[in-house]
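Next come two complexes built around chain A: one with chain B, the other with chain C.
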Partner chain A sequence: MGASSVPSHLRAPGRSPSRGGTQSRTIARGAGVVAFLGLVLLGVPALRNAYWELVLLTSAIYTIVALSLALLLGRVGMISLGQVALLAIGGWIALRLGFATSMPFLLVVLATGLITSVLGTLIGLPALRLSGLHLALITLMFAAAITLLLEATQFPNGGSGFLGHSVLTTAPSTLRRPGFASSDAAYYRLVVVVTALMFLLTIVHIRSRPGRAWAAIRQSEAAALAAGVNVTLYKLWALALASFMTGVAGGLLAASGGGLTVYQFPTQNSIILLAVTLMGGIVSLWGPVVAGLLFEALPALLRMWGLPSDLLTILFGIGVLQVQLTAAAGLASQVPKDLANLVRLASTLIRGRTGHQEHLG
Partner chain B sequence: MPDLRPYLVLGLALGGVFAVSGVGMVVLYRATGVLNLAYGAIGALGSLIAWSMINVFLLPDWLSYVVAVVFGGVASLLYGLLVGPPLARRDPLVKAVGTLGFLLILLGIMDWVWTDKAHALILPTTQWGFQLGEVTVNVTQILAVGLAVATTAVTEVFLRVTRLGTAMRALANDREITATLGVPVRRVEAAAWLGSGLIAGATGLLLSTLVGLDAVTLTFLVIAALSAALVARLQSLVVTLVAGFVIGILQSLVTPFSLVSSYRSITPFVVAIVALLWFARRRPVVLS
Partner chain C sequence: MIEISNLTVRFGGVTPIDGVSLTFPGGTCGLIGPNGAGKTTLFNVLSGFVSPASGSVLAFGDDLLAMPHYRRARWGLRRTFQTERAIEALSVFDNVAMVHEHTGGRRSRRRQEVLEAIELVGLEVSPDELVGTLGTRERRLVEIARAVVGEPRVVLLDEPAAGLPEEETEHLSHMIRRIPEERGALVILVEHDMSLVSACCELTSVLDFGHLIASGPTPEVLRNEHVRRAYLGTEEEL
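Right after this comes the complex of A and B.
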């Protein structure tokens, strides 16, 4: 029960996070990624359905946020309960920069990421030397405080002063899109590309020096320290990287259309995001993709079917408990295994042998 | 300089409920190692049930209030019995995240059944008031302060004097050794869940009168209580009590100052950050 002990569910299961498996598996995995990217890049705009395009666009943005949370949770063993609040801050900064300067869009998004990165690190700093529980609590308080602060400040909409919010205009708080991606379909593609870049950034980190340091910290902070890992530096690094990605996501969200409002970022969304990230899986990199879809696309689906989306909150709560109780690796790892088991079961049944219990197990 | 006395009364009452929530959470944390983040949600659901009993089913008020408090105890106990034991050996962080799942379930139920329509629950004690100088004080506010002080005192004595209290303190030190000594660990933990849940139910009722009956607000008011508990390092009941009052009064006293008035709700967060910075001055490396 030591302050620095690592929850056992946060430790990677058997498989090592980096290069495992044979060459053919790597190729198959690469082909899977390319096929998935091709589908979301070209397939979705071809549907010409503005509603679902917007839903999937926000799903992609929340995938980035879930990725940042999964990085903290699965790779370093840190929990942030304020990631959606940080996303709101990213949106606020992007709007502020967008209205105050004439920087090109991508530069605004990059600058937003960097500023959010500094802020996110500062928030985590007081809790960094205390236990993981303290970081979780301080980020939860931060989430609640930001919700209340934003209600007072609102999002910039081109007004004057530092807050940049004017009650006189009804102008929405939107960031102008870049010239090369002003249409909805083009902007959707841009967001998907940026999301892919964030995954690339994560993979580069995981496979190099910081990734190894994080793995050591996750196993045992004391052992990592003894082995010469600069624990404080690499924990700060993880916080900075996660906050950077969340800031970028905030910048992208600010231009997604319709304008940002305070009501998009209630405190419970930070907790729901944690729930879907845990349900999606924090070890596999497909987890955040599943989490993004659970967070944005599933409620849209329920709305379409006319079901109350409050049921989802209950479902996500049960999901959190299920993951905590069974230390499950999440849907992204579990569903392929279940499917493989199902296929094996089906093939045995077809071959005339009745199902054996071990196939189910 | 505005007259601060009315705000002092409001702050004392608010601080009382922060303090009593904090005490309920610290007792549970000390006995079971679980920081129950669903604490506010349990109280909120109890109050909403009381609201429905009074306004929809037209049942007597006192029965509804009793049911709200009992509901708090039962809901907390159920969670403790079902989820507590499997997570007992895990890190406090995992246990706390588990209660977030409970929070989402309760919040989902509240949004689904009671929707986001406005509800109001006014305890009869709110109508009984008296003049204290130029300030009107109502009995609910006194109840909040009294409940905080009484709960802290009773719990402190209970932990020191009774067998069950001693068992809880032993449990807080080392669960395995306590079990070896023949203490019925699970039963003691269940008692802590029940007690803390009853306090949650009573606090929920007071808060829904003092702050307003809104599922989300009440659920996340736990954060202010959490701040008081953090200042006490999740250990001392008396420090939690004092910190709760200080936070409540601070938050209330800045209300008349227009420059910071709209930011007053972040007071607990600021207090917690300052406390954490103070604690983090030096830290030993802990071997797990």
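Right after this comes the complex of A and C.
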């Protein structure tokens, strides 16, 4: 069959009549992303509110963790309740690398991501044959085991060397920041940039060979195998990528100020992170941003209003129920649709009233 | 050519395929039988989803059972499923392209070969269309396009007419006949629509309760009294 045998409607994929609409949507989306990045990069530090800067910095870090969870769950169909434990491992590795070496900060974060990636993949190996509830249980057990281990080893412990141990309660637990981002505002900007890079890394994957393989695996492993996809390899790839991003987040958290403590990584945080990731949405890339804000900024708001933080458990429970029942794509997809419907309804009402008045006039 | 020798599959106490020896010489071959006869299980053995208790499968001289399942697609074995499994989250183009890229198709020829496969199955939608937005007919055709893209050597079609109206039979039979003619692939067609089997297959084999009960030219097989009895419990003509 030669090129001439292909009918005209098939010759140029991507040049269908709807192409113009798709292009303008892409431009609008790009403009939205740039505006959002501009707002968080420049607008937040301009407020000069150290408390909210720290809250939003931590939100950005948890956005990366939610992104890794959304990648596993939404793109590959693998559930993980161990991401917060991996985050703790990332934090620990970054601190130990910081104590033991004089590597520049960015190299420490990169190395942390790579080491966590290897560890996360190794931990995920036995889970490859599991799915659904069984995989959720195994990863939850892993998270619980890590919490116990952190307590037993007095995490993060500031002894010298990579495996050094200190009995001092005042041992350091913070990673030194790079010179160019030593102030809170500069470090906040650095974290936002790294978060954006993690999104870019995810987008590159989703739009290329692994993304297509993951889409096939998520829908039907049998169909993926029949298409020649090495399912084990691509699942491991997803685990490695998700663990890398979580490790990077751990590295960023280690230098976020105040130091790391074992109390930051309780097992239930893995479940809450899953809840907010589901609420934000696991398919839309805005979902993890919403999840990061729900995870860190919402509790801060409650504290500011003097409301008990236990309220969150109820709120998230209701939120997950609502999302699963009425907006399976999550808030990131549903809210813009609801707003568009609201605008349409309002404009219809206004037009109706104007028409009625003209009729009366 | 596919040569199956003494193939037996056991699931606990059930034996869905029991000592079947069968040859598919080339072209389009029919594989029919009542529900539970072992047709899909045979496809699953060929695809590598089910390991047989005993027997051998030689495909164009290669030992198919010795290959890992995902490698079989790269070797040239393709299949569709009884319940279609086109990937909803991907566009029509990406659905077909992903098979091309995972089966060793050359990147420089990808666009051309993907479009040719879409044309072969007669899909008249934009390649950019998301599969999740398509109807049953189009999704079935996307799945078949996935099976014929690149250089397939064996194409297993599992009830391609299921869920489609009778008017589709003519289009399907025309399209299925084009696969061996234009791609040189051996097609094995599992189907309950006998008019489609008659229109496409020169040779047909019949399974019943895991046993081969007839094999030969399609018209003769469909007149075979064992086959009629297996299908209808009577000797009425199919």
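The definition used in the following text is that the second predicted complex is superposed on the first by the 313 of 361 C-alpha atoms of A that agree within 3 Å, B and C clash if a C-alpha of one lies under 4 Å from a C-alpha of the other, contacts with A are read in each partner's own complex, and residues count from 1 in each chain.
To be clear about the criterion, a residue touches a chain if its C-beta (ideal position, glycine included) is under 8 Å from a C-beta of that chain, and two chains touch if they have at least 3 such contacts.
Predicted, not measured: the structure shown is a model, and the values here were computed from it.
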{"item": "Partner chain in contact with A:A213 - chain B first, chain C second, else both or neither", "value": "second"}
{"item": "Which superposed partner A:T313 touches (first chain B, second chain C, both, neither)", "value": "first"}
{"item": "Comparing the two partners chain B and chain C, which touches a greater set of residues in chain A", "value": "B"}
{"item": "First, second, both or neither for A:L133, with chain B first and chain C second", "value": "first"}
{"item": "Which of chain B and chain C A:Q324 touches, first, second, both or neither", "value": "first"}
{"item": "Partner chain(s) touched by A:A222 [first = chain B, second = chain C, both, neither]", "value": "both"}
{"item": "Which of chain B and chain C A:L149 touches, first, second, both or neither", "value": "first"}
{"item": "Partner chain(s) touched by A:T267 [first = chain B, second = chain C, both, neither]", "value": "first"}
{"item": "Which of chain B and chain C A:N230 touches, first, second, both or neither", "value": "second"}
{"item": "Residues of chain A contacting chain B in one complex and chain C in the other", "value": "1, 3, 5-7, 9, 220, 222, 225"}
{"item": "Chain A residues touching chain B - in the complex, by the definition given at the top", "value": "1-9, 79, 81, 126-134, 136-138, 140-142, 144-145, 148-149, 152, 220-222, 225, 266-268, 271-272, 274-275, 278, 308, 310-321, 324-325"}
{"item": "Touching residues (chain side chain B, partner chain A) in the complex", "value": "33, 35, 37, 83, 86-87, 90-94, 96-98, 100-109, 111-112, 216, 219-220, 223, 226-227, 230, 262-263, 265-266, 268-269, 272-273, 276-277, 279-280, 283, 285-288"}
{"item": "Chain C residues within the chain A interface of the complex", "value": "47-49, 69-71, 73-74, 78-79, 81, 85, 87-91, 93-94, 97-99, 101-104, 111-112, 115-116, 118-120, 124, 126-129, 146, 182"}
{"item": "Chain A residues within the chain C interface of the complex", "value": "1, 3, 5-7, 9-11, 13-14, 16, 18-19, 22, 209, 212-213, 215-216, 218-220, 222-223, 225-231"}
